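First subunit A sits with subunit B, and in the next complex the same chain sits with subunit C.
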Partner chain A sequence: MNERNERIHGVACTFRKVSDVFHAAEKVRDAGWKNWDVHTPFPIHGMDQAMGLPRSPVPRLTLLGGVTGFITGCLLTWYMNSYDYPLIVGGKPYWSVIFPFPVLYECTILFAAFGTFFGQFIFNRLPRHNHPLFDLPHFARVSDDTFMIVLEARDPRFHLDESRNFLQSLGGQEITVIRD
Partner chain B sequence: MAHAHDSSPERPAILDKVRPAELPRSPLILNNRGFHWITDKVCGIVEEETPLWWKIMFGVALFVASFTFLGLGYLVATGTGTWGLRSPVGWGWAIVNFVFWVGIGHAGTLISAILCLLRQKWRTSINRAAEAMTIFAVCCAGLFPLFHVGRVWFGWWLLPLPNQNGIWPQFRSPLEWDVFAVSTYFTVSTLFWYMGMIPDLGTIRDRATTWWRKAFYSVLAMGWRGGNRQWSNFEMAYLLLAGLSTPLVLSVHTIVSFDFAVSNVPGWHTTIFPPYFVAGAIFSGFAMVLTLMLPLRAIYRLHDVINQYHIDNMCKIILATGTMVGYAYATEFFIAAYSGNSFEKFAFVNRAFGQYAWAYWIMVSCNVITPQLFWFKKVRENHSLVWIICLFVNVGMWFERFVITITSLANDYLPSSWGYYSPTIVDIFTFFGTFGFFSVLFLLFVRFLPLLPMAEVKMVAPQADPHAH
Partner chain C sequence: MSTSSPHALTAHWKKFLAVGVVALAVVWYFAFAGVAHHENRQALSVLVGSLFWVSVLIGMLMLTMITRVFDAGWAPLIRRNWELLIAGLPVVILLGIVPLAFVESFRHALWDWTDAAHVLPGGHTVGHDPILQAKSWFLNEKFFLIRVALYAVVFGGLAALLRRWSFAQDTDRTAGHTHRLHAVSAVGIPLGAVTLTMLAFDCLMALSYHWFSTMYGVWFFALSIRLALAVTVILTYKLSNGGWLDGLLNQAHRHVLGCLMLAFTVFWAYISFSQYFLIYTANIPEETFWYNIREFDAATGLKNEWWGVSMYLIFGFFLLPFLSLLFYRTKIVAGRLLAVAWIILVGGIVDLWFNALPRQVYDASTPEKFVVTPFLTSSLFLDLLAIVGFGGVVFALFLRGASRQETIPVHDPRILESINYHE
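Right, the complex of A and B next:
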């Protein structure tokens, strides 16, 4: 493919040690980068702060799921046992929040779990199988024992040569340009 | 209180100079194994040529599983009369087996959820296999009530759907609560298990050399890239699922115990049932985890990641929960004596000295006496003995459910309608086969999915600490 027609996704560099990538991430954060990421084989404790990431939004969907689940459980049991086919059992009210409580409880947990599970996928923009990073030959090692910092081209600070030099100054190795 | 010592004038000056001693902790990973070693070890299990023992075991497991299909096939073709159920015992082995298998499942969620919230780092190397065990045990458990309904093609009446007369399920029934509890448990456990596996599936994908392997694991890994922005959401979701699974796992066996406790049969109608059932479930589940993990550890030489510290901890949990179960047995007798209810008193005297006394004493010796051996370090370090004790616990917990279910029904209020329950060959086939069914699923898991959570094990390695030098 023609060099000029290729769009650049960003530049990447690798680190071998957790402490190195951790301190490098702090420097990228302090330099004011917004569109960048640290790829690691496991979650590094404190990396969210080192990158300056806000709190994950997943709990919002958990709450939404839980509330939906509780209401669904209420509607389900009320509609079935009290509205559509009311049955008198033991002279008790057709519906109360007490007797179907185990059902409401389980529905709350079930829907909250769905909210959490799908929330993780939604906020992570997954599934996505065609990411430019997968074309890097050494990206496969990132799920094993290598750490990678990627500075993305869509960040206003991005300038190919300067970004390369910046990564070099952080101590990154295998500095590579990622093409879209 | 926390600040009291700072302002106190009597505080000795030396306290500012000395540094607190570092408490020695047992290492979770022995021999300073690095990240790459962990990847190689776990992926190696999936990537190696299918070992001979696996093929043999898989064949045996399939053969054993066929007994369940024979038993259930005969049952469906003939009717539930082929089980040993007759008046007065309408809940026989099927309910015993259901409670037994659901109980087995509980250790998986305990390890993955409750120990996660309690920040017990040792859980990492065993949680994946324990969660798999949970899911497969719930699969086995679900078969029994489903076929116990008799005409299994009406099994959908359990679901919140109207039947052909427009009648809905009755939510005042604990059996209907059970449907919701067990199906929610199965679903949430599966979501939790699968989500935790995504990063590891990504690792296997990245190492894949053949196209089919690459395709298979790519689909499962959902395009995971391990960026910290992804990890941040992942960790939050993982923590939330742990937080949701904790009340869930406690509720599931509570609701299973409601199947008994909400009735008014002597010996069942007790408020102690929920905590007693949950403790028993965790007890039996940990025994099953050790029963499975000790051989796997030996076969795959996982001694550096599942070490004596892990085994010690599990033995101690078995000891603690076994003692709780023993305490519950004693409390039941006390409550029966204290209740002043002659039926309740009789139910317990009858358990220990009646026609099923043999089952009661098997239960007590396996569940209360055997685990007491775990007080001794020598026993916990002898893994063959640990394995045998765990088998005893498994047997004992099956008998616990047998004693609860059968003795209360066989001798309740009216002596004229007392009876003696025995299983038929169809019962025995069906139950025996579930061990095969479970093994088939577990062997497939061992062969095709990451047995240990690589990312989580790496996370607790000392070199994963960004402030370590």
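Right, the complex of A and C next:
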């Protein structure tokens, strides 16, 4: 074995039924695992709670983007219409919150969308061109008729043999070690 | 029957009816007495009180049809309560708007354009007003009364159809009713949209008939949906604590109602601001006066009471609910959502006041020849009493309906999906 193959990504284990993978996920959650994932061909209602997943942090970046956008819009309209080239249009003030409001909220929406879009990339760690799981021959089946739980090696609880036994105790069928 | 039954509530319908009838009798008494003394403020209380519930119920009617058309999976559990409530829509129109329009003294007191002898701010009378003459193809009494009658017929008819087939499904278990209601809703949404727009034009915009805004109907729609959702949140909160939604209403239902409240808060602000913004930008006197009288005194230029009301609408009716509802927890924690619903309910009343109450009254002693009616008067309590009165009747009908029909649409094809609704 060369050194490259010594690096282990984690242990994967397949399930055939929704209820099996659901209850197995609850047990992994209760055992205190943090770096692990469940792969299913379709969304399973309640899986978020079964996995103990927190809410996505993306909305925070959306809010941050929105506030930034509003302030940017204010500065933009103030700088252009009131500071750099003061101009009276239609008898309105050089700058007030009313006449540039469409600009302000469009900037708010635009920057909030940027916050959401790029925030999603950041928190999903995208772009990513390959993943060790893709090397598993039966990984394609989790988009068809198989469910899979993967315990990752970077979790402090991970220990190759114990984790394999743990998955066995959960009723997992095919247990595979994934190498980086 | 034990008192802990989820349907024990329905036994209270007579109490609601008694409160409603007594309150309405008092309000109508003051309205008659006021009109006899050439005062219209008390009649405006009847208008504001009935329009508040017309608005709530039109919102529920539209939400019923919208959730039907889109086959909303979350909706059936909550929609049944809308179906029970919209029985009150034609009743509120008949007890409020119809008598105001059809009794000449009230009509003349409220809608200046119907009274040819009414003196306008400039000193000339309505009968000699070229602006009214140009609009007379629409603003004439005969057509006005036909339209008011049509509002009762169209909304009453739509409500009756939506209720009838939905209730029929409880007993005959036929999925065909769902398709039928789908078709009724597809026709009913544009029909309801046109009707509610005309109703807003006639009952509110025409109170100062020189002014016009093509966005007014959309504003009224946005307000209606916001008020309908606020009442829905308050009602379902009550019904999930000892009523027929106990143990059925879950976090996801609150979340979807909260999301809709957020969406329509933004939509209301968008429409209200756009109306203001276009008038502000164009700066045409025949449009700007409507906002001017709501901001400052024409003679002194100082801010009047209505400016404070406008600021309340911006900060209390938009910014506060908007910022609160942005947060996920506000939408799922029952107590927080309830608090926001009450804020929206109060704001909706203030918005109706803002639209219905300020009027220019001829006064030769001022340089501008008019004064603006004040906001803070004791009649605000009469407005609230009118809201209680019409509300009593609406909820008496609701509870009576709930005692006769299933309170859960047990054979709706999507009822299980609705009960098990998941975020």
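Keep this in mind: the second predicted complex is superposed on the first by the 170 of 180 C-alpha atoms of A that agree within 3 Å, B and C clash if a C-alpha of one lies under 4 Å from a C-alpha of the other, contacts with A are read in each partner's own complex, and residues count from 1 in each chain.
Criterion: a contact is a pair of C-beta atoms (placed from the backbone, for glycine too) under 8 Å apart; a residue touches a chain by one contact, two chains touch by 3 or more.
These numbers come from a predicted model, not from an experiment.
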Should subunit B and subunit C be called a clash or a fit once both complexes are overlaid on subunit A?
clash
Quick one: is A:Asp37 in contact with subunit B, with subunit C, with both, or with neither? Answer first, second, both or neither.
first
Per the contact definition in the header, classify A:Leu126: touching subunit B only (first), subunit C only (second), both, or neither.
first
Based on the superposed arrangement, let me know which partner A:Leu76 touches: subunit B (first), subunit C (second), both, or neither?
first
Partner chain(s) touched by A:Pro59 [first = subunit B, second = subunit C, both, neither]:
both
Can you tell me whether subunit B or subunit C touches more residues on subunit A?
B
Considering only touches as defined above, state whether A:Gly46 meets subunit B (first), subunit C (second), both or neither.
both
If we overlay the two complexes on their shared chain A, which of subunit B and subunit C does A:Ala140 touch? Say first, second, both or neither.
first
Using the touch definition from the top, say if A:Ala112 reaches subunit B (first), subunit C (second), both or neither.
first
On subunit A, what residues does subunit B touch that subunit C touches as well?
45-46, 55, 59, 90, 92, 99, 102
Looking at the complex, which residues from subunit A come into contact with subunit C?
45-46, 55, 59, 63, 90-92, 98-99, 101-102
What residues of subunit A sit close enough to touch subunit B in their complex?
17-19, 21-23, 25, 37-48, 50-51, 53, 55-59, 62, 76-77, 80-81, 84-85, 87, 89-90, 92, 99-100, 102-103, 105-107, 109-110, 112-114, 116-117, 119-121, 123-124, 126-131, 133-134, 139-145, 150
Which residues of subunit C touch subunit A in their complex?
273, 277, 280-281, 283, 326, 328, 420, 422
Which of the residues in subunit B end up touching subunit A in this complex?
34-36, 39, 160, 162, 166-172, 174, 176-177, 180-181, 184, 187-188, 191-192, 195, 199, 202-203, 205-207, 218, 222-237, 240-241, 244-245, 247-248, 251, 255, 258, 454-456, 458-459, 463-469
